[in-house]
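A short worksheet on the structure shown next.
Chains: A, B, C and D, in written order; residue numbering restarts at 1 for each.
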Amino acid sequence: MNNTFGTIFCVTTFGESHGPALGVVIDGLPAGIGIDPAFIQGELNRRRPGQSRVTTPRSEADQAEILSGVFEGKSTGTPLAILIRNQGQHSGDYSRLAELYRPGHADFTYEKKYGVRDYRGGGRSSGRETAARVAAGAVAKLFLKESGIDIRACAESIGPVRAKTCDWSQVENNAVRCGDPEAAAAMEEEIRRTAGEGDSLGGIVYGEIRNVPAGLGEPVFDKFDALLAHAMLSIGGVKGFECGSGFRAALARGSENNDAMTPPDGFASNHAGGILGGISNGNTICFRIAVKPTPSISGLQQTVDKNGKPAELRIGGRHDPCLVPRIVPVAEAMAALVTADLLLRARCSRA
Amino acid sequence: MNNTFGTIFCVTTFGESHGPALGVVIDGLPAGIGIDPAFIQGELNRRRPGQSRVTTPRSEADQAEILSGVFEGKSTGTPLAILIRNQGQHSGDYSRLAELYRPGHADFTYEKKYGVRDYRGGGRSSGRETAARVAAGAVAKLFLKESGIDIRACAESIGPVRAKTCDWSQVENNAVRCGDPEAAAAMEEEIRRTAGEGDSLGGIVYGEIRNVPAGLGEPVFDKFDALLAHAMLSIGGVKGFECGSGFRAALARGSENNDAMTPPDGFASNHAGGILGGISNGNTICFRIAVKPTPSISGLQQTVDKNGKPAELRIGGRHDPCLVPRIVPVAEAMAALVTADLLLRARCSRA
Amino acid sequence: MNNTFGTIFCVTTFGESHGPALGVVIDGLPAGIGIDPAFIQGELNRRRPGQSRVTTPRSEADQAEILSGVFEGKSTGTPLAILIRNQGQHSGDYSRLAELYRPGHADFTYEKKYGVRDYRGGGRSSGRETAARVAAGAVAKLFLKESGIDIRACAESIGPVRAKTCDWSQVENNAVRCGDPEAAAAMEEEIRRTAGEGDSLGGIVYGEIRNVPAGLGEPVFDKFDALLAHAMLSIGGVKGFECGSGFRAALARGSENNDAMTPPDGFASNHAGGILGGISNGNTICFRIAVKPTPSISGLQQTVDKNGKPAELRIGGRHDPCLVPRIVPVAEAMAALVTADLLLRARCSRA
Amino acid sequence: MNNTFGTIFCVTTFGESHGPALGVVIDGLPAGIGIDPAFIQGELNRRRPGQSRVTTPRSEADQAEILSGVFEGKSTGTPLAILIRNQGQHSGDYSRLAELYRPGHADFTYEKKYGVRDYRGGGRSSGRETAARVAAGAVAKLFLKESGIDIRACAESIGPVRAKTCDWSQVENNAVRCGDPEAAAAMEEEIRRTAGEGDSLGGIVYGEIRNVPAGLGEPVFDKFDALLAHAMLSIGGVKGFECGSGFRAALARGSENNDAMTPPDGFASNHAGGILGGISNGNTICFRIAVKPTPSISGLQQTVDKNGKPAELRIGGRHDPCLVPRIVPVAEAMAALVTADLLLRARCSRA
């Protein structure tokens, strides 16, 4: 089940960076959901490389083809498979990586685990794998939309630059997906400057799941926040997750952190991030993820080769100097998968 | 599978705060592992209420009885079940809670989800549920010990007080489980002062998994860090998780955050927290969790009753003013469950 | 997941024949189901040894204790655990079996698989394990009853004696659980005669699941009949399963075996056994299982010991000369588990 | 998980009869297994329509394309996806079936379950779905071959014609896949005669899994025979399963049915079918499945339409008059999936 996520709404992904194709099978999608291929393609385009000045200039079309599970525009209840052919990969670029382990990448650990490794572009450990997640997430969003549930995310910080406000209508209007246009400009500038120095940046993505009815989440192990954490940390490059007040809760007192209830069933604040005891409370679910700086940098790095001998490495090629802008739609997709699964599972909570 | 955790090493827990008993079934433990009941009991004692001045004075014996799966001191490969009878619960204390929702607790969300609710002491959402986790974790530790893998955790901060060092030999020598004796004393003082004000504190737990061979973790969804995040966020009161440099990675540059490799297969630093691409790299796996302040406080709180009418509440009874000291062994237990599961799953990685 | 059955309605059992206790955790039972402990105990009594002249004279009380998941007579949506203490086991009876492998039993295979083995009474491979299944099945029946679904089974044949009719009102009125009183008397006589010869008998159990709405079953792998087959073959001693016309379908022509549909949505016959394409069609679901003769016989048998040396064996002790009468409630229980799981999963089939 | 089979060796299939493609994702295949695309294609050719006089004359190329998980001829431990494009479907043939329910088919039950239905050629309930199973089974066979495990099946009976012997070298030399050339000729003749009468035939497939080491199978629910039963009954048209002596065990006595053990660890007979207590005992695992007569017949049938009104139906088109010859490779494939999964899971049985 390593490449399957979900219990009822089950998503299985496959594909390597330089193989023939990536794809996903979505099993457990209820029948009768309207499937709009243009929406799915639109979500893929948000993740696609080459979309802006701050992403890799690699050009990948990421064209989605639906292979099954849809009839006359609606889901049929059978597995919905989506295929994304790889195009324009230059395998030649990667030949030296057969011998060396790139710092911060999974080259060494894949070799240790599997004994063999498709070293071209990182193979399965490439960020390219997330295209399949985004396709699945788009289907989950279509399902959730029918229940009025809506998911969105944005860049909260990139390197040292932090957004001061979040105007959601601005998020898709700038290359970094930040809701604060002024900060967005500074972030973009910071990325370009850092890239120019052969280095890379990390950042924080903030996300929201809105209009979630109270009652979703399956204690004690499949709590809503636990599944979100699982989902988010499964994205390459994500090193941390918090829900609601998160790490700031560690500094607060109970009298500050508790959300007082207001008649008839509201909350005066949302330190809980919309989840109590692992179950949604009707408030907006909000979370943050920490994204590490892109490990592929053009500056000189110390490493070892397959034989354990020391080596030096400069990573050429075309890489995102900051993963945050393109992780935004991936985080949304994963949040959508979790929510879709829990929405279905909650149908079984009561007699 | 809501109350089952793991794929091969599968743990299923049950039990409410005020029911007859808690317990756990461990399925998938290999045969031939030495099972030491005294060690299991010792781990439960570390979590037990009433163990120190800074925990609830409630007295619960938490006596573990092994019901199956062990023969002549060794595991048999069949499910190992452990029973912990509840004792000394005062159900009368909780009668008013049938009508009110406690802020920061799961009363409201359980009611919304299930329609019914065992309101005595929080029922299944009580921290008491973690006793079963600790029992299971103790068995996992016994299994891991045979591979030389070792897990430990401590309090890194409590409220505003932060440890400056970590001398692991000191952790179990103070009531807050902090590796810095000076900070420990300040933490204890802070807890008592805050409790005296009718309030509570949060904090941060730091944990390590040592001697993990490279190669554990099952990408792309069951990455080691993803399962750890899932496990940790499934603990009541935990609001955040980070691995390695975690949220600080968001501020670092690639050249700083990448761990250079050293011959033959080591790392010059450990910003990755022992995990690359979701797979252990042989370094110590290290993580942090954010613990919210105990929601049960004796100060006056605004809330609503079952009919949506406003109400005021003061929570009496005997509660931990800070969850951190008793969450330490729970975090270790959950880390042990994840590691045991991945250690077994890794047996299937290669031909 | 070896000892867990089900996807949403998940049952985990534990316990050995001669350990302290058997038990089961039922996770995924919806909240609000009336739980009648007397009904659960009644089902266990139907499986209990010593209940009639044709079962083992061993006396086991099989007293069920509910440990969790029930509040004020209703399920709460949290795991419902049931404990059954072992009593009256004579471990001394089994000491020689530490050295020998009993033909037709799992002694040899457990040793090969696990390296160690609780040889007392078969340990986990004992038929005693089914007590936990029956307890879980009783809870599933209570859940199904609220949807009007009803499950029943009976002995169709024992050794060479076949029932000619099935009057369901008679089934519980005789020791062999046969719906044909005349055949029942002959079966009972056949059992006693065979037992007197130091031998044992097999037979066939016939079962029905009634009032199942059309639409249950999860193709392509979790078809209703596929899960039933899985469930039935997981019972010790069961060697075959068929649904509807079963093996007779192999001899029929399509024109005979197809069930013509009748307005508005009925069927003129039920060769399909209530399942088409793995999904219930609204007809009664009917199935048969083949039960092998009890392997424990007092006649002399050839076998080998732990060192591979030849040995002879006569199995003393108190054994059922035919498993069929006591497997009837176990088959019902397993059918109830499958149906409960699919009833819940079907809630997720449509938008 | 409806369309996923297996716990460690996990197979997820997708695709409808008349959609763009069928396919499968194999997750959990260990790294380092030699993947021979020609072998996979050969297995698909054995299932392919149009291969002989007794199968449907429809021509489908069933060309397999490997999309991921293989690098330099070896599995990489990442998901291995296989795509099979649909070709030559005549959707026009099926338009009337939008309105009518074919007897013996899943038309009615899919409609009841999902509310919508891809009626073209049966959609997901078409036998065409098994192409994906065969592709997955071929990969499983390649994996098993490295452990010396081998799987084979044949037609034991078709309608009233029964094989008297089984010469395995003959099985692939005749159109019905029977090991008795004389019976094969009679079976072929029987099929042609029955088809000429507008009718169809059922039959029995016999299968063997050879060279299985003792110790595979995961009691109590995932016993080897229980998983085989699950796997086999999940194949469309299969109505019964038996292992070893199967239904004949119901008529035998213990003294006959027990397999005496012979030094050092053999068995004098194989009534158990190679499985004791759900675990392989080192003997050949043998099983039978009952296949119903093809429900698509050209003779006149009574049915109802979508509005519950009576209707008459003659099914035209090109259908197999007997499913047995083409189910043989499907049964082998499913047996391979079960065995591969249990071979991996058994790696976790011991310390």
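We adopt the following convention: a residue touches a chain if its C-beta (ideal position, glycine included) is under 8 Å from a C-beta of that chain, and two chains touch if they have at least 3 such contacts.
Remember, predicted model here, so these are calculated numbers, not experimental data.
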Task: Check every other chain and keep only those touching both subunit B and subunit D; list them.
output: A, C
Message: Quick check for the class: compute each chain's Cα centroid; which one is farthest from the centroid of subunit A?
response: C
Field: Selected pair, greater C-beta contact count between B-C and A-C
entry: B-C
Message: Distance between subunit B and subunit C based on Cα centroids, please, to the nearest Å.
response: 38
Message: Centroid of subunit A to centroid of subunit B, CA atoms only: how many Å?
response: 26
Query: Where the centres are mean C-alpha positions, what is the separation of subunit A from subunit C, in Å?
result: 46
Statement: Residue numbers in subunit B touching two or more further chains are 1-4, 7, 13, 28, 31-32, 75, 77-78, 110, 113-115, 124, 219, 345, 349-350
Task: Spell out the residues on subunit B that touch subunit D in their complex, using ranges where they run on.
output: 7-8, 28, 30-33, 75, 77-78, 143, 146, 219, 344-345, 347-351
Field: In the complex, subunit B residues that touch subunit C
entry: 1-4, 7, 10, 12-16, 19-23, 25, 27-28, 31-32, 65-69, 71-72, 74-81, 83, 110, 113-118, 123-124
- line: Seen from subunit C, its contact residues with subunit D in the complex are 1-5, 7, 13, 101, 103-106, 108-110, 112-115, 124-125, 129, 157, 159-160, 194, 198-204, 214-223, 225-234, 236, 239-265, 268, 271-273, 275-282, 290-297, 299, 301-304, 307-310, 345-346, 349-350
